[in-house]
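Below, chain A partners chain B and then partners chain C, in two separate complexes.
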Partner chain A sequence: MPEYQYIGKPARRVDALEKVLGTAKYIADRKLPGMLHARCLRSEVPHARIVKLDVTPALAVPGVRGVITSEDFFEHGLYGFPVKDKYMLAYQKVRYVGEAIAAVAADTPEAALAGVQAIICELEPLPGVFDMEHALDADAPQVGPDRPDGEHPNFLDKLIVRKGDPLAVWEQSPIKLEERYTVGPQEHAYIEPEGVLAVPTPEGGVVVYAPNQSPFINHGNLALVLNLPHNLVRVIQPPVGGSFGGKDDIIYESSAQVARLALITGKPVRMVFSREESLIVSYKRDAMRMHIWLAADPDGTLRACKFDGLLDSGAYASESSFTAWRASIHAMGAYRYDACHVDITAVYTNNGYCGAFRGFGNTEVCMAIEQAIDEMAYKVGMDPIDFRLKNCLRLGDETVHGQRLTESVGLAECLMAVRRLSDWDRKRAEYTRRDVACNVSTTNDIRRGIGVAALYHGTSLGAEGQDYANATIAIEQDNSIDITSGLTDYGTGSRTVFTLIAAEELGVRPERIHMQRPDTDTAIESGPTVASRSTMLGGNAMRIAAMNLRQTLDYAAADLLGCELHQLIRHGEAYVGPAEEPVPWERVVAHAREMGLALSAHGKWTAPRINWDHHAGRGTPYMAYHFAAQVAEVEVDMGTGNVQVIGFWAAHDLGKMIFPQGAYGQLYGGIAQGLGYALMEQITFVNGYIQETNFESYLIPTAVDVPEIVGTFIEAPFSHGPYGAKNIAEPAMVPTAPAILNAIYHATGRRVRDLPANLERVLLGHDLAKGGSPRACKLGLHIA
Partner chain B sequence: MPRFDYVRAGSVAEALRLLAEPGLTSRPLAGGTDVLVYIRHERAPFDRLVDISRVPELKIIERRGNEVVVGGAVTYTEAAESPLLRQVAACLVEACLTVGGPAIRNMGTLGGNVVNAAACADSLPPLTCLDTMVHLRSLAGERTMALSEFIMGPNRTAIRAGELLTHFSFPVPPDGARQVFIKLGRRNAQAISRLSIAAIGRLDGQGRADYVRLSPGAAMPTPRRLTEVEAMLLGQVPTDELLIAAGVRSAEVMIAVTGRRWSTEYKEVAIQALAERVLRRVLVL
Partner chain C sequence: MIAHKNQTLVRARINGEEVAFFCEPRQTLLEVLRDTLGLTGVKEGCGNGNCGACNVIMDGVLVNSCLVLAVEAEGRSITTVEGLAGPDGLHPLQQSFLEHAALQCGVCTPGFLVAAKALLDHNPHPTEHEVRYWLAGNLCRCTGYDKIVRAVLDAAEKMTA
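This part shows the complex of A and B:
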């Protein structure tokens, strides 16, 4: 393996200091003279027709400078990708509690609230759909848009995978399993609630500071709904306080609202959500109901998998078609089967709305399939790791989709690594024996268990769309180096990754390099910042840009040293020629300037072509896969259902580690988020009203809930990745919940097939319905 | 932000005068960990907050003969760090250490916890086990009543307008009595109690229980000792059978008080386990 100077070596995160010192300026920290404060009138009912909307009384409120509705946008502000079904402000109908109807800009937040409350808005309530199971009933109220194709209007999409006839195999199989699993919505819980700031420009355009994931999508949306040419719209990315998939649509919508208000009033306009507004209004991870059939031979060979999933997209499509697609591709897990069918159906309801969230469909299906696989291991009487090793995808295997895996398949190594690190065999035997010994449970019994889950996760967009990224690099007059990417760093560490790659290729110290935050005026569009694609796509683009610039400097160095290119060697930053006298990098740069060479370069990388046949349910869904295995050790209080995760081990095949602290940070953070998903994070919609409107009711893990995590990386390089790298951000959390659930089963002998595994589910085997009311939402939307 | 006035009192007398000032609705402010949360969502039911958090008389923790006196404005952190309370009121100290996180414990007070009177308040089970008396003062004079009488229901107490909870008092538990508090939450910090329980117990020379106190939290609308369970154990050797029966009886008493609610199916099982567990920890060596 080549020896690198910076790749894979410890490095300081480029934004560490500003975060630690508190000098990073988030939107809520930004103020401009004369800046107005914006706030939305939001629906307090889950489904209604807008009968009357009169904003003139709001304009009469002292301090109010502007009020907008859907009439203020081109085509009422219709937007959305891949499905265009949402408006920047509600048009004709509202479909969920919290949906924005009008937006007010005023001198103070108090005046903005008074303005919102002065708007006359008459809503005629419509019956709603609150149970995804009944969304497609013939007599279900219409939530989704009209479907000219004859489909039910509440039908959003159906994604399939097809190989053979799994039910026929299942019927004949000596060992079979049929089970149902459910997951509820999950809140991203980013530490920074939504906020945007728009500044009108003298030329009639607008600059929007928005902590979005994909500034160019925001840019395109803004130009469209504001009916402005692209050159009059600029989107700048400030520091982002976390996203996890959550700062797409909701930020684009808020951006359009403040941008229009800024254009109307001629003043800067800022909108910042309260935590309550964030929880009520923002999209969540989708809820899913899953039904699995598995068949195996007595020797433990998996034969068939049928997977039916129903996905609740809530009131709008957002990214649910893509989520459902990724779910369908991964639903059967990282195993070989003779036959496999997957059907994931996404539907509209009035339960808030759902969109992207770390793992993006795989987190949901992995919870189900990795439990089902565990249950199957028990049925055939095999150790869960042995069972997975027997059936898991290996180099040269063909996936059920029809893709031959020709490189970078480290799953078996991951399984063996967590087995060793966790002391699996000893603990497994010890806890299993104890379990048999005291099969009469006493209320004061604390039992231990250990469980495993395996993972594969397709890298980048796959067949979701065109997969490319751009990067630029330039040497400034002071010999510092500016780099840009169209991909954003919302906490993922990608700015540091790009810095290290540029440093490696140019042979300069990372301290020379300044990685700008994306600005649509200076960076080049690079597709969305999603799907854990930054390192591979943006990293490759940066590598190409730096290689291009390096070539220019090499020419200059050879000219300066009077030698051939191949005679150049590097000593630190310095160039050394046949005379063996080192020439400082700065002199080479100065010489390049004298030669009239351009000291900037561009890099674009496009992923290898792949294909997916949506009708046949077959093809090559992703260019490569991340593989992983995680092991959880738990203590379960048999008297109360309390679960403590007391140990955690994770081995991930990320191809090649570029930035170690960043990779481990993603791993630990992802596992903490997965632990919350497994045990405590619970969103309850009661007749469309979310009950958890702040962090006193929506619980995420604290430092004392997360055990010490032992992580290790398996590097099975991918030839198209930069230095062999694949990804880590999303896969880190995906197998965590099933590993914990499998450990709970090992401890208790009882399966928890619904998330989260809260006190009630672990103790009683089912959740208790507390009921609920619209009260928390109604209070939360009026916080002064 | 809601608008209201703020004034800081330097003494109990000054606080009482400010609270009674006509023409204004004044409310005491101790740690603010309940009142600030409340006014985030609801209109402030007062015009002025009278800050009592730095009144020296309300910060005392001392022993007076066979009694312990704890001021109303003593914070959870101060209580937990008090050598006296660690010695004589270990279950109260343990309860204080489970409240919120460090920031909440540095601000929140025992007086505030009791006057707010949430059914899940973590100080209530230990204070109830300790047979705590509540001392109130107003310009009209002083009143003293048992904690169990003071709290009339969830978020309802016998405190009157203009009245201040100045301090608590409780008898020092008998020598050798052990104290335990267990909190069950949905996570390990910053969690509201799903169920909690405090117990004090001692065995005599023959291994029989000669002192038992048991009180659950987040189980019933008002705090009370489970005297029915205590009676089962007094004078008895705490065998496994007896402790299990005590757990079962605890659940029966709870259900007799509350009837069957949405959460009863869970709490019925969990309180059995917790009651048995705390009793075992205070009575079995």
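This part shows the complex of A and C:
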């Protein structure tokens, strides 16, 4: 492996200092002179026709400066990709509790609330769809948009994978499994609630400060619904307090609202959500119901997999078509089969709405398939790691989709690494003996178990769309360096990754480099910041930009030193020619200026074209895959059902690690999020009303819930990745829940096939009937 | 206390400086620190005492400033994240968070730093178990806590060396 100066070496986060000082300015920390405060009128019913909407009384409230409805947007503010089905403010109908109907801007938050309360809004309630199983019934109320193609209006999409005839194999198979699994919605629970700030410009345009993941999508939406040319709309991303897939649509919507209010009032307008508003209004990870058939030979060879999934997109499509596609591609797990069918159907209901969330469909299906694989290992009487090693994808294998894996396949190495690190074989044997030795407490019946899960996760967008990124690099007059990317850092560490890549290619210290905040006026559009694609796509673009600039400097150095390009070597930052006298980098830059050379460069990288045939359910879905294995060790209190994860080991093939602290941070954070998904995070919709409206009811893991984690990276380089890098952000969380659930089974002999594995599901095997009410939800919408 | 119309005058010592401010009796300390005094390092994550992003130290006691009324600050001494760094540079905890990259999005970071300071003020040699339980009132969604716990333990070691 080549030796790098900065790649893979310890580095400091470029944004750390401002964050430890408390000086980083998030949206809620930004105040401008004359700034107005905005607030939305939101629906308190899950499904209704808007019969009357009169905002004039709000304008009479002292301090209120402007009120808008869907009438204030081009085409009523219709937006969305890939399905255009949502309005920036509700038009004609509301489809979920919390949907914005009108927005008020006022001198104070109190006046804005008074303005919202003064709006006359009459809603005629409609029957709703609250059970995804009945969304496609002939008599189901219509939630989705009209379908001119004759499909049921509540049908959103269906994604398939096809190889052979798995049910025929299953029928004949000596060893077969058929089980059902469910996951509920999950909340992103970024610690910074949503906020946006819009400032009108003298030219009649608007600048929007938004903690969105993808400023250029926001930019395009804003230009569309405000009916402004793109060059009068500017989106700047301030520090973002976490996102995990969650700050897309909801931020675009809020951005459009404050932008229109800013244009109408001529003043800066800011909107900041309370935690309650955030939990009620924002989109979630989709709920899924899954049905799996697996067939195997007595020797443990997997033969067939059939996977049916139903995905609840809620009231709007958001990203659910793409989520369902990624779910369909990964539903069978990282294994070889003779035959495999996957059918994922996404439907509309009135249960909030669902969109992108870390793992993006794979997190949901992995929970199911990795438990099913575990169940199959027990059926054939094999150790779960041995069973996976026997069947897992390896170099040279063809996936069920028809894709030959020709490089960067590190799954077997990952499985062997977690086996060794976790002391798997000893613990497995010890905890399997259900005697005194495995009971760790003298007073309570506490049992230990250890479980594994494997993962593969396609890199970047795959066949979802054209895959490219741009970057720029420029040397300033004082020889400091500016870099930009169209991809953004919402806590992930990608600004540091890009800085290290620019430093490596240019051969300069990272301290010289400043990565600018994402700004649609200065950076170049690079597709969305999603799908763990920043390091590979943005990293390649940055590498190309820096290489282009380095060529210029090399040319100047050769001229300065009177030698050929190939005679140049670098000693630290300095250039050395045949005279062997080091010339400082600054002198080379000065010489390049004297030569009249351009000291800025652009880089664009476009991923190799891949194709997926949606009708045939076959093709090449992704250019490469991240592979991983995780092991969880648990203690289960058989008297209470409480599960404590006491150990966790993870081995991930990310291609190549660029920024170690960043990669480990993503790994540990992803595992914590997966642990929450497994054990405690539960969003419950009762007749369309969410029951969890703050962190006392929506529990996320604390420092006490997350054990010490031992992470290791296997580097199976990918030839198209920068330095061989693939991805890490999403894959970190995907296998965590099934690893924990498999450990619970090992400890207790009980399968929990419905997430989360809360006390009652572990103890009793079913939910306690809790009922529910709209109360907390309605109160939450009125928090001042 | 001086009260005028609905406003009360409160005097407190904030990050070592004598400060006087007017507030309404209904206002939280968090609101006043952020909106009146401009100390926006103190974050609002939940507004009901669950996340710890608004942690400050009041007379030596770690509190959620969203659950304290501003008028309760009368005569008290308060430390926010802005008061951690001194003229000689960063507080050892801040330095340790930098070196361990013990943060990602950074919104929870001020609360963690202040909570960790309160811990080390009382207990300069905490065990990992004590650190984890003390910080259980602070939610972080990015890091999985591991690097934060290491950073606090490392700072404790350096501060008592």
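Following the convention adopted for this analysis, the second predicted complex is superposed on the first by the 775 of 784 C-alpha atoms of A that agree within 3 Å, B and C clash if a C-alpha of one lies under 4 Å from a C-alpha of the other, contacts with A are read in each partner's own complex, and residues count from 1 in each chain.
We take it that a residue touches a chain if its C-beta (ideal position, glycine included) is under 8 Å from a C-beta of that chain, and two chains touch if they have at least 3 such contacts.
Computed from a predicted structure; not experimentally measured.
**Q** In the overlay, answer first, second, both or neither for which of chain B and chain C A:21 touches.
**A** So A:21 only meets chain C here.
**Q** Contact-wise, after the overlay, does A:126 reach chain B, chain C, both or neither (first, second, both, neither)?
**A** In the superposition, A:126 contacts neither chain B nor chain C.
**Q** Taking the superposition as given, does A:771 touch the first partner, chain B, the second, chain C, both, or neither?
**A** first
**Q** Once chain A of both complexes is superposed, is A:696 in touch with chain B (first), chain C (second), both, or neither?
**A** Both partners, chain B and chain C.
**Q** Between chain B (first) and chain C (second), which does A:709 come into contact with in this model arrangement: first, second, both, or neither?
**A** It touches chain C, and chain B stays clear.
**Q** Just checking: does A:642 make contact with chain B only, chain C only, both, or neither of them? Give me first, second, both or neither.
**A** first
**Q** If we overlay the two complexes on their shared chain A, which of chain B and chain C does A:264 touch? Say first, second, both or neither.
**A** After superposing on A, A:264 lies clear of both chain B and chain C.
**Q** Based on the superposed arrangement, let me know which partner A:760 touches: chain B (first), chain C (second), both, or neither?
**A** first
**Q** In this superposition, which partner touches a larger number of chain A residues, chain B or chain C?
**A** C
**Q** Regarding the shared-chain residue A:662, is it in contact with chain B (first), chain C (second), both, or neither?
**A** second
**Q** Determine where on chain A the residues touched by chain B overlap those touched by chain C, and list them.
**A** Common interface on chain A, chain B vs chain C: 696, 702-704, 783.
**Q** What residues of chain A sit close enough to touch chain C in their complex?
**A** 12-13, 15-26, 28-29, 188-193, 239-244, 274-275, 490-493, 661-662, 664-665, 667-673, 694-696, 700, 702-704, 706, 708-709, 783
**Q** Using the touch rule from the top, collect the residues of chain C that touch chain A in their complex.
**A** 34, 39-48, 50-51, 53, 80-82, 84-85, 90, 94, 97-101, 103-110, 113, 128, 131-133, 135-149
**Q** Going by the contact rule at the top, pick out the chain B residues touching chain A in the complex.
**A** Going through chain B, the ones touching chain A are 1-2, 37, 40-42, 101, 184, 186-192, 194-195, 244, 247, 262-263, 265-266, 269-270, 272-274, 276-277, 280.
**Q** Provide the residue numbers of chain A that touch chain B in the complex, in ascending order.
**A** On the chain A side, the touching residues are 443-444, 637-642, 644, 680, 696, 699, 701-705, 758-760, 763-764, 768-771, 779-780, 783-784.
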